[in-house]
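Quick heads-up: structures coming right below.
In what follows, subunit A forms one complex with subunit B and a second complex with subunit C.
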Partner chain A sequence: MRGYVLRRSLLAVLQCLMVLVAVFALGSLLPGDTADVLRGEHGTPAQVAALRTQLGLDEPAWARFWHWLGGLCAGDLGNSLMTGTPVAEDLGRRIGVTALLGVPALVLVTALAPLLGTVSGLREGSRLDRALNSAAVLLHAVPEFVLGLLLVAAVSLAAGLLPATAVGMDTAALLAQPAVLVLPVSVLTARHLCDLTRQVRVGVAAGRHGTVATHLRLLGMRERTVVLRHVLPGALGPAVQQYARCVEGMLGGAVLVEAVFGLRGLGSGFVEAVQNRDLPQVQAYALLFAGVTVAVNLAADLAAYRLAPRREVTA
Partner chain B sequence: MTVRWRTGAAGGERGRRPSWTALALFGVPVLAAVLGPWWGPSGPWTEGALPSQPPGAEHPLGTDVLGRDMLWLVLHGGASVLGGVLGALLIGMAGGVPLGLLAAGPRRGLDEAVMRALDLLLALPGLLVLMVLAVSGHRDWYWLVTAAGSLQVPAIARVVRGAVLAPGTRTVVEALRMQGHGWAYIHLRYLPRELAAPLATDTGSRFAVVLYLLASANFLGLGLPAASPDWAVLIERNSDALFTQPAAVLVPAGLLTALCVGGNLLVDHVLARQRSTR
Partner chain C sequence: MTAARTPLDTPPLAIQDLSAHAEGTERPLLEGIELAVPAGSVTAVIGPSGSGKTTLGLAALGASRHGVRLTGQAVLAGTDLLLLEPARRPAARAGRAAQLPQHPATVLDPVRRVGGVLTELAALGHADRAGRKEAVRRALAAAGLDPDAIRRRFPHQLSGGQQQRLALACALVTGARLLVLDEPTSGLDPALAHALGRTVRTLADGGAGVLLLSHDLPLVRDTADRVTVLEHGRAVDAGPTATVLGGGGADPDPGARAPHARRSTVEPSADRHPATRELLAAERRTRAGQAVTPGTAGNDGTTSAPEGPRGVVARGIVVRRRAGDPLAGPVSMAFPPGSRTALLGPSGSGKTTFARVLAGLTTPSQGDVRMDGGPLPRRVDRRTAAQRRAVQYVHQTSADSFAERRPLREQLADTARLLRGLRAEEAAAEAKDLAGVLGLDEALLLRTPDRLSGGQLQRCALVRALTARPALLVCDEVTSALDTVSRERLIEALPRMLVPDRTALLIISHDAPVVRALAAEAAWFDGGRCVRRGPVDELPPIVWSGEPEPGPGGADRPARGG
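What follows is the complex of A and B.
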């Protein structure tokens, strides 16, 4: 166990390092540096050179990397090139909206996937089982923006039921009108719920007919105990890794869902930063997204190893 | 990402039946993409066409936000969708197959080095890479396709390595080598035949992953220019006019969905048949 934890954690550390170097190197990929951008077209070469010295841009790359890293550790993400406000402030304002999307979606997936997966795994070929199978095949890999627009067309346009967009609403306004969130959260949840349910269902169906379950039944254990204590935990091991993929997928999904519904969360902030080529903001978003991905995958792999130690766990 | 769902008698029964729904769902967008560019007038512009008009006699699918003929756009927009996905899959295989073979080779140190290096790349979410690429000024279509393809390399290399190191294959390779067959015979004649089936199945399920990635990037405006007739770009351009001209969003969205679902059903069908014959 300890050897695996060490090796897997080392990989995560290396992944973090790679992300940090890549995000820092992004700055040097751009034509012109921050001083050019800040001075705009009106700066004289002397002014730009002075600003470059002031910002420390004439130092060697490793020294700038070190300073940048030091700033990150102190929570300084730099200032936006467009607005001049600290990037951290912008992130703080937007994180509430994304949390309002992501937390309900994660709660729904966490609660429903084991439940639906167990029920349909215990009743293979039943109506629920077939319905879930069809939904999974339908929703698998259909991009969230397509699904979102089709839902808006069906629910808001044809049936006139729920609001179609949430343009310009901040966290407080969204909390006051939760109906706005129903469609975005459904779009974000649907695909991952199906994928995860499928994973649990396969494990439960296989475990139920396995030799361990048969043996426990012969010993006189109640069916309920066999399923809840022995079959379900066995099925959750592989599902934990799928769960990590689902958190990772939801980050990307949030970008698309926020674009479709006009929500001002982290995802749309990232898209705006990319369109404005606002480097400090892009770096902050990229670090946030990649950092969450690395952390979630590490946690899932360790949990999966703990649940089923002999399984060869893929990083 | 594979669909492992059907078990028992139901799976076998369904696996044998030719899946006409899947073929139709997959075939319609593919035909539109392949044959569409050969059809119709040379451009989407007509004299005096108004923007966002609902379907009528002159424009069977109406017009888009710029007043272009929707039918022409939809027929010409599939080529970039399909071409991008196929190009990215080819790039992924061109990188993944040699690396997988290299990792499965006799040298253990090389195997560790290649697989650990690829593990590092797995840390990057696909959409994030494409967004960062757009910031660095690489906004052209071929950059997008290359990046989407490169992101598939670790997974494809893993599949290839796994297939070559499968117990049956490994034994045969050892026997061939002892019989005096050279590197070329093993790598160019025996292994391709053994790799074809697992690689084809993996490519089938990877099709949906790459389609998702490229369509999302184009929807976010990271790749193709805003005037492109690509289905994802059309959806983005017309989504504001969803309530006045729904056809301009729903037709390309329907075609993209049909492509995803049809492809997925076909892969599912093939997997179910493989299992039932095994």
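What follows is the complex of A and C.
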């Protein structure tokens, strides 16, 4: 086990280094640069060149990378080229919104997926199972933004129960008025809950009839213990990887959901940064998302390893 | 203790007029079985594979395979299990009955540590914490495992023999008064089989009732008080062990007898049922070596051809010591076409690991495997179809190597179709012929794997490997799930089924008659090393007795049960 943890962690560190290089290279490869954008179509080539010098864009790539990396180590993500404010400030504002959206959704998925999956898997083929299954397939088939718009139309506009949008609200405002978050969190939860529930359901349905469970019943073990201590842990192993996708999707910013509800979270921030060719911002976002992905996958692999220790033999 | 729950004079198990019918078939799996397992005794049920032993073992616990209907009575400690709703039966069994299944590796939870599962099971018979702890310790010790060494392990970190003993510990830890043992010695080396036999006897002498389902006649003779013979689901013969299986008389050939047959060879009584006589006769023939003339297991091809070694050659194989891979090596061995080699040695000595390296299933840390002089990639997924075809491996537990819902006929044809490029019909015909030689008829092959017995599946696995016409066929304990009749047939047929001048045979077995009949050369493994080699006929008797060899590796053998 220890060997695997070490190997896997080393790989994660390597991945992070590669991401740093790739993120920087990405900025250099985008056609046009900030100077082009700031000056717009009216700038003369001379003006653009002057601006480039002013912004330090005429330095060689390795020098810019070095400066960027040095700043990064000191916690300085640079200043936005558009507004001149520190990138970290903007990120900080948006992380709050994304967390308000992602954390409740994650908590709901974590609690509901094993529960629904187990209930469904234990009553394979029953009316409840079929109902849950159909709902899952339906939700999976409807794109997030369509689901969001449908909910807004039905719950907010027709029934007038919940606010339809959160345009212009920051973290504090959202906290003061949590009703605004109900619909976006629901959409985000529904999206990820389907996949995960179905994965757990398949594992439980198979494990329940497996040789291990059958033998434990022969020895007289109670059904509840068989399911909770043996069938469910066996089913969670394969579901962990899917769960990692789900965490990435929620903490990495939910672009579509944020767009539908006018939330200013990380997802919309990333899109804006790319549209503005605001290189320091783009780099900061890419780094954040990549870091989350690497960390989440590291955690998922370690958890899967513990849940399916036989991998030691095959890996 | 659990024994206090029921009056002591109630037998742990009484079966009356028990029948079992599979959905959609005419012939019953079991018909009108009457059987009692009194406390303090061992009741054995013997019979060829497919005769219904496993079905009976399950029915005794009020359980059945999917689609099987039970009628009659199975009275466990005064409660007729078949009168209860299936959902309430586990509670009625808890702490009263326990089972040891035929393929123990498949019933151990792969994601849980050994100790945790045992403690859970101990809770079925022991309410208090200290009692549970003590029960786990006692059960592991009784099964011949070191409690401190094993508690934190996962099942996959144990050898096949250790897994078997762990499954026994799982059965013992509940404190049950009835133990159902389904082929408990399959895959055990002679020393461990002997130890298990003594454990079973000790348990019975301690007041438990044991229902022993086995084709291992020496084990039955040593441990059982009464024997019932099963044929086509009917009890055709029954009585005290000595009466049914005979006893007394000197062993005509001490060298050839199975190591754990401590009593003597037996003359089948003329007045027994034909099924009993057939089982006994098959046992005698196998032991006396009449089934094969030793000369047929020739190794004329052992001299290597002048242009370089032909066949599969392993050089300097070392597998870094870690849980489950106990091969220290280095081991070098050649398998020229037509050669017949046996790997012998105690459980956990590295025999299976070495064979897995040949097949590319375990990656060695040093050494290489070559085929006709060219290197074989270390991992099977890097090998080409032709290279995969070259080494075929038949596992100890073949039941889980078949897809659940496909008829066996298709699965057996896959090998020749995928690895040799035959058309589906040709491949199926060839597989059918080979299966016929091993006594598997065509109707059987139309079924899905769950409808076949363990012994039948093991023969199917052998057929599947043989249709590849491999350069090396590895048989890892292939006879462990077979009754004496099927085993004899396999011993007789296998040499003929190998392609002459192409296929080398590598046998891993604890079964001395099988090794003597099939192998010409033998290598003895101990403590992860190959410690002795030579012709089978010249092996010292100590190898056959199954006693641990003095010297390195002998000391760390598990304590005997009892």
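In the analysis below, the second predicted complex is superposed on the first by the 261 of 315 C-alpha atoms of A that agree within 3 Å, B and C clash if a C-alpha of one lies under 4 Å from a C-alpha of the other, contacts with A are read in each partner's own complex, and residues count from 1 in each chain.
To be clear about the criterion, a residue touches a chain if its C-beta (ideal position, glycine included) is under 8 Å from a C-beta of that chain, and two chains touch if they have at least 3 such contacts.
Here the structure is a predicted model, which is why all the values come from computation and not from measurement.
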Contacts of A:237 with subunit B and subunit C, given as first, second, both or neither: second
Of subunit B and subunit C, the chain that contacts the larger number of subunit A residues: B
Contacts of A:142 with subunit B and subunit C, given as first, second, both or neither: first
First, second, both or neither for A:205, with subunit B first and subunit C second: first
Which of subunit B and subunit C A:150 touches, first, second, both or neither: first
Touching partner for A:270 - first (subunit B), second (subunit C), both, neither: first
Complex contacts: residues of subunit A adjacent to subunit C: 209, 211-212, 214-223, 225, 229-230, 233-234, 237, 307-310, 312-313
Subunit B partner contacts - residues on subunit A that touch it in the complex: 11, 14-15, 18-19, 22-23, 26, 29-31, 124-125, 133, 136-138, 140-147, 149-150, 152-153, 157, 164, 198, 201-202, 205, 248, 251-252, 255-256, 259-260, 270-271, 273-275, 277, 279, 282, 286, 289-290, 293-294, 297, 314-315
Contact set on subunit C toward subunit A in their complex: 58, 61, 63, 66, 87, 90-99, 101, 103, 106-112, 117, 120-121, 124, 154, 156-157, 170-171, 174, 176, 323-324
Of subunit B, residues touching subunit A in the complex: 3-8, 10, 116, 119-120, 122-128, 131-132, 134-137, 158, 208-209, 211-212, 215-216, 219-222, 232, 235-236, 239, 242-243, 246, 249-250, 253-254, 256-257, 260-261, 264-265, 268
